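Before anything else, here's the structure in question.
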Amino acid sequence: MKDIGKLREFFKKDRYIIKNGIEIVEINQDFAICKAEIGEGHLNAKDMVQGGMIYTIADFTFAVLANYLHDFTVTQSATITYINQAVCKTLFAKSVELDATKHNCIHQVRVYDEKDITIARVQINGFIL
Amino acid sequence: MKDIGKLREFFKKDRYIIKNGIEIVEINQDFAICKAEIGEGHLNAKDMVQGGMIYTIADFTFAVLANYLHDFTVTQSATITYINQAVCKTLFAKSVELDATKHNCIHQVRVYDEKDITIARVQINGFIL
Amino acid sequence: MKDIGKLREFFKKDRYIIKNGIEIVEINQDFAICKAEIGEGHLNAKDMVQGGMIYTIADFTFAVLANYLHDFTVTQSATITYINQAVCKTLFAKSVELDATKHNCIHQVRVYDEKDITIARVQINGFIL
Amino acid sequence: MKDIGKLREFFKKDRYIIKNGIEIVEINQDFAICKAEIGEGHLNAKDMVQGGMIYTIADFTFAVLANYLHDFTVTQSATITYINQAVCKTLFAKSVELDATKHNCIHQVRVYDEKDITIARVQINGFIL
């Protein structure tokens, strides 16, 4: 979906993303960046950003970039590795496309905080419809 | 944490899980099951349960079982594969431990709906502190 | 390929598998098992079975079962977790199908030794052509 | 192991790698590259480079770089995605470290052929002893 305005409109219908306070920061040919201001509702029982939230921002940032670069693309599989504990004010995710074929693409997503500390790395396989 | 009452108390402090409406259904030596009644706030731009929500219930169900079977355990890495689109009323996840050593465990989690259709499969590596 | 004889003939053309001494032990509707007698040529610099060999037997066992249950199937992605060091005489792998749709299947493979100790767990996504 | 000569000596004891014809091309602070001239013994039943061989060169290239950058490091888990079929003369793998903490590191490995076509992508989690 080459029209960034339409792409942003499309993703405004993602109610899970809105509920989680995740916003698109940037979309271009090379990468997409999303962010979320961390609040009480993002925390786990140990007062750290919950692992599901960390995955969610990564997967959404992948979806933003993949749907910009290709036709409608969905996540087929993803592998997340948690690197450092997330005790932070703002969570960011940046997705970069590593490779793409006609019906498949693979992205590397880095999740990091406002101090640029890596929280997680996610390798995502997309299926391009 | 062998005391199920204390374990449930501990996880009541997980505000991300509460916000997402995820509840523990059962915990025993062989498996843990969690569920969530799906509402508007769980949906993506295509009116299906968002991929992040599907991951979140899987990862939480793993955490419940792993922290019951072992000392404090955290997710180190996880691989999710989406099998069928999630258009459902209730989402369930069931975690089973495949293997464990002193500091590592590996679980297989199945996410499914009220018709018992598989939505996703997640293999999770835990680090036992 | 429902004819087990033809399936075995087909896989006899896999020269990498022959070179690695991997043999099919059993194929049925529920699982496939392969094995390899471990020799000098399978070892790494620490005298343990090399991680590549452990992956290879797992992936091949998946291929055997998937190509028996479905039409021609290839590995799309796989996640391997090493559980215990492999110091053994015989290496086995057993593949079980967790789910399948029209064009995708997902298997769980356990690699183990002659003492039934788990060496690795592999979750494999196949694409059914 | 900061001494590249000693590191190369250590890996000469990896008999699986020698049998597979895999050689170290380069090791430096930023990356490691390995290669293998493809022969009959690397092929599967469809005359393509076997998936196990593709994994093996990736995992070994990771091991070379990780053991250069850190103390003794082993593969804990790895996710491989196959991108293009491998019909080639020479197979290469290049490993780059994405992040490292005291006991863990994560690498991204690209496997490619002599025409620079990507064959596979592998994300590998290492445990630093």
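Just so it is clear, A, B, C and D label the chains in written order, and each chain counts residues from 1 on its own.
The rule is short, and it goes like this: a contact is a pair of C-beta atoms (placed from the backbone, for glycine too) under 8 Å apart; a residue touches a chain by one contact, two chains touch by 3 or more.
On a predicted model such as this, the values are computed, not experimentally measured, just so you know.
When the C-beta pairs in contact are tallied for A-C and for A-D, the bigger tally goes to A-D. Rotating chain A by 180 degrees superposes its CA atoms on those of chain B, with the angle stated to the nearest 5. Comparing mean CA positions across the assembly, the chain most remote from chain A is C. The mean-CA centres of chain A and chain B are about 20 angstrom from one another, to the nearest whole unit.
Averaging C-alpha coordinates per chain places the centre of chain A 28 Å away from that of chain D. Chain A and chain C have CA centres that are 33 Å apart.
Residue positions of chain D with contacts to 2 or more other chains are 76-77, 79, 81, 125.
Residues 76-77, 79, 125 of chain C are the ones touching chain A in the complex.
Residues of chain D that touch chain C in their complex: 10-17, 19-20, 40-45, 50-53, 55-57, 59-60, 74-82. Chain contact summary for the complex, chain B toward chain C: residues 79, 81, 83-84, 98-99, 101, 104, 106, 108, 110, 118, 121, 123, 125.
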